[in-house]
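Across the two complexes that follow, chain A remains constant while its partner is chain B and subsequently chain C.
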Partner chain A sequence: MFVDTVIEDKALHKPVFLIGLSVTVLAIFFAFNFTNTIFGEFLSPVIGNPEESGFFGRLAVSFVLTILFVGNLLLISFARLKIQILIVWLELFILFLAFAYSFDLEIAYIFSGQPSKIGLMISKGLFTTIYISAVSIAIATAIAIVGAIAKLSNNGFAYAIASFYTSLFRGLPLLLQIYLIYMGLPQLGFMIDAIPSGIAALSLCYGAYMTEIFRAGIQSIPKGQWEASRALGFPFGLILRKIILPQSVPIIIPPTGNQFIAMLKDSSLVSVLGIWEIMFLAKKLGAKDFNHLEMLLTAAMIYWVLTIILEMIQARIEKKYQQKT
Partner chain B sequence: MANNDSEVNPIISLKSVSKWYDDFQALKNIDLEIKLKEKIVICGPSGSGKSTLIRCLNRLEAHQEGQIHVTGIELHEKMKDIDTVRQDIGMVFQSFNLFPHLTVLENCMAGPNWVRGINENEAKDRAMALLKQVKIPEQADKYPEQLSGGQQQRVAIARSLCMQPKVMLFDEPTSALDPEMVSEVLDTMVELAKSGMTMICVTHEMGFARQVADRIIFMDEGEIVEQNTPEEFFNNPQNDRTKAFLDQVLS
Partner chain C sequence: MSIKLGLKKSSIAFTALLLSIGMTAQAGVVYDYIKNNNELMIATDANWAPFSYINDAGEMEGFDVDVGREIAKRMGVEARFITPDWGVITAGNWNMRWDVSVGSMTPTAGRSEVLNFPAVYYYTPASFAVHTDSPVTTLAGLNGKNICTTASSTWEMYLEGNLDMLNAPAFTYKVTPGTITALADGHTCLDDTRLGAGVRNDGIIDSVPMIQGAIEDGYPIKFLGDPAFYEPLSIATDKGNNDPELDAEIARIIAEMQKDYTLTTLSMKWFKNADGSSNDYTVAY
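Right after this comes the complex of A and B.
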């Protein structure tokens, strides 16, 4: 992105904005009424019993919260950019933890059992999830290359098959595809296990999306590259392999990275087939003692950490290709 | 196919070639013969069909009527050996069209190494020799975008020459260049002409045409209006359209 060389004053440092923001925040805190929470408790020396403090108590609590909130923003605004980002990240994360904490969870439950529940989710569930996603991503990539070439070809059969395929698999919900493959194929006489059918559904679905990404990537290479290659007497396959695809890769990587991340999470849908991946185990382990939220939150954190790792890998690859060209 | 190539003469011949883009006729009944080692300059106003003509010679564009023979082989839509023909015809484009993901050296090695079956060491030697010939051997390990326009175009010429072509086509090679870089590319082309290469150049550089061309062809509205030696062409133009064009480019 192009950052302009003329810098405006920070909005937070303009009195009008600051006052406007404070009033708005005050109104919001007042509307939500935090008097009966931990904040009211904390202010009880001033407002007395929170339950009986009435209008004055509610206003006082909102006022203190507003000061804290806006003061926090002001302090952060003086920090350097990197520090700002770090602090805001941390604060949002703490808010998220507080949100989870407010569920009144039995955290020890996650670590209970022999082997422990979280141990089982990581050793068994995480492994299965990664295995299914990795295999599906590899197959989807292969499908996408073939599909993209077919969609760009002049061959009627190739184009028709490829466009029908992308239309169908982008047009049906993934969950439905999973059921159709798992229950439909045996009707044709192919007995298929849960894991292979899960992989098939994920590969076919994401292959369809990635076909479009690859097609756009190939099409974005200027016509002159084809002409120069043709003029040198290169055959089609060579042009694609050595000239066009290598130049498409940097363009394709960001949206493909998105697809990888989305697929990792969508692999949770194959839990409906009884595959022991993260989501299935979370539901199964939590259901026993009705501690659903504990296990679901554990699964959530595992998925989140996984996607953060994938994002970091994607950023690295992007950087590498930027340096090269 | 079994030609002793150097004896195919004329090396390029067109017989009543016509081409249409939908309803628009871009080439009208072109007859043309180009002999081995001849240097041809094609000029004319924009939209006159000169780029289309030169792009038909290696079949980057298809003609619909007439015959085109290149190195004795006819170009038509069912031909099997178009790549072999193209390997013998170098082409330099207005917009250079270097491969941005390959270094200058790799750009020059690609053709010989990938389709001529020449091993890497030999391709490298040949590429370096030609980069020396176009006077930029020191840029060999850079990527195209690190070079100036004039340097890029000279790499493009070297890349074509690495295939050891029998003919070189130039499609407005200096039109995209800053004025101060035009001469370095033209100098390279003049030297190439001296070496005896068969050359067909679409260009507006009349100084170059005067210096190098054996024959200048003037095109307008898809037709060859006039062709002559530079001497006659500049001093004694026959057709009114030629006169009008020369008035504009020489003023």
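Right after this comes the complex of A and C.
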């Protein structure tokens, strides 16, 4: 991002802002009333029994929470940027954990059994999820390149087929496409099993989205590049391969990375076909002993970790292509 | 490997399609395939303990799974389980992706349009249940209330008053709910009930062993009244690839398993009461 050279005082260090913030936060904490929570118990030496403390207790609890919150912000504001980011991430993560913990769940269930439930999900489900996503991504990319070129061509048939394809597959819910391919194709005599059906649906759907991304990326290259290459006598294929595509790749990469991440998570939809991937195992393993939320949270964590890894890879690739241009 | 298998099956399905132009029933096509392939592909939803579920070792287990294994054994072939969504199984048109459903399916008039029901192998009672703090004490108390159950299940049909079971023991509609909350996953109903009486629903209807399992797992729910009805549960085969020979073979094996008490033994093994006694659900009440 653009680095501003005009440095202003931090808003948090201005008294008016600080007081305004504190009052607002106090009002919010007061409105939500945290008296009967763990915070009220911490303050019980001062306010007595939290349940009988009334208005004073509520105000006291809100006041202490406000001081903690604003003080925390102030302290962080003095740290360096990288430290700030790290602390805020950590605090938000702890809040998330506390939120999940407050569901009153049997967290031990996730690690129970031999092998443990989470071990089962990773050993049986993780590979399937990654395998389905990776194959679908590869096929979707191939479809997208062909589709984008077809959409940009002057050939009426190619354009019509490609635009019909993108319109249809962007226009139907992915879940519906999965059912259509799994149950519809056999009616035509093409018997495909659950995993190939899932891969077909994911590739076709994401191929359609990526076709549009690739098309926009190719179109964003100035017309002059085409004209200059033509003037130099290059044939069409060579221009596309050596001049246009290398320049559009840095434009295509960020939205494509987003599609990869989205597909990893959408692969959970193929669980309806009975494929033993992460989402399927989470639902079924939780059903046995009625610990649904525990297993769903486990699946959530696995997906999140996978996504973070993909985000890191995406950041590296983006950086590499930015240096080149 | 699965693709190869799929192609092989597709050619058979295609042959069956060609042959079926001439005649409606294709004697033996599916059964011959099972024998030649030495494998019985059994579809069962893995969502229902103690009927069929994934155990701690990550393998299929339960009453239906045991029955499926026994059928395959008596056919002289290996059993293989696949776990599609319930809706995909009941939709029919399996195209030989799997050969039979051993998944506690109740034969209804609607389902019999796409599926065959060669043999009923046991009966389970369905019962209403409410939160332990619920003010409702009789089945009549649930009239006009919000009842939760699994979507497109026999329990939902019962609540709607249009349960068209085939060969079922006689029953009466004892409850006329005000609202029916039908969820894709019936387990969610139990979680909703746990939130309190009347929060998201006033009561649920489900199979007795299932509710029993939830109570043993500490859910604050209790049975309400006697079982509402007993539903026959059957093996199902695909009408799209109609194979009278396979149906006859399944009917024969189930009759044999009833005769030598194999089914009774399995029922006693899987369906326990709170006091540790067992239930024989293989006879209709």
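Heads up, the rule we're going with is that the second predicted complex is superposed on the first by the 325 of 325 C-alpha atoms of A that agree within 3 Å, B and C clash if a C-alpha of one lies under 4 Å from a C-alpha of the other, contacts with A are read in each partner's own complex, and residues count from 1 in each chain.
Operating definition for what follows: a residue touches a chain if its C-beta (ideal position, glycine included) is under 8 Å from a C-beta of that chain, and two chains touch if they have at least 3 such contacts.
Only a predicted model underlies this, so the values are computations on that prediction, with no experimental measurement involved.
Using the contact criterion defined above for the overlaid structures, shared-chain residue A:25 touches neither chain B nor chain C, since it reaches no partner. Counted by residues of chain A touched, the larger count belongs to C, out of chain B and chain C.
Of the two partner chains, neither chain B nor chain C is touched by A:178.
Legend: residue contacts after superposition of the two complexes on their common chain; A:227 is shown touching chain B, with no touch to chain C. Of the two partner chains, neither chain B nor chain C is touched by A:204.
Of the two partner chains placed around the shared chain by superposition, chain C is the only one that A:189 touches, whereas chain B remains out of contact. In the overlay built on the shared chain, the residue A:61 is in contact with neither chain B nor chain C. Those residues of chain A that touch chain B in the complex are listed here as 222, 224-225, 227-228, 230-235, 238, 242-243, 246-247, 324-325.
Listing the residues of chain B that touch chain A in their complex gives 58, 60, 82-91, 93, 95, 97-101, 110-111, 114-115, 143, 145, 156, 159-160, 163. On the side of chain A, the complex with chain C involves touching residues 113-115, 120, 123-124, 179, 182-183, 186-187, 189-196, 272-274, 276, 280-281, 283-285, 287-290, 292-293. Residues 2-3, 5-7, 9-10, 13-14, 17, 46-49, 53-58, 82-85, 87-88, 91, 93, 95-97, 185, 187-188, 190-191, 213-214, 217, 219 of chain C touch chain A in their complex.
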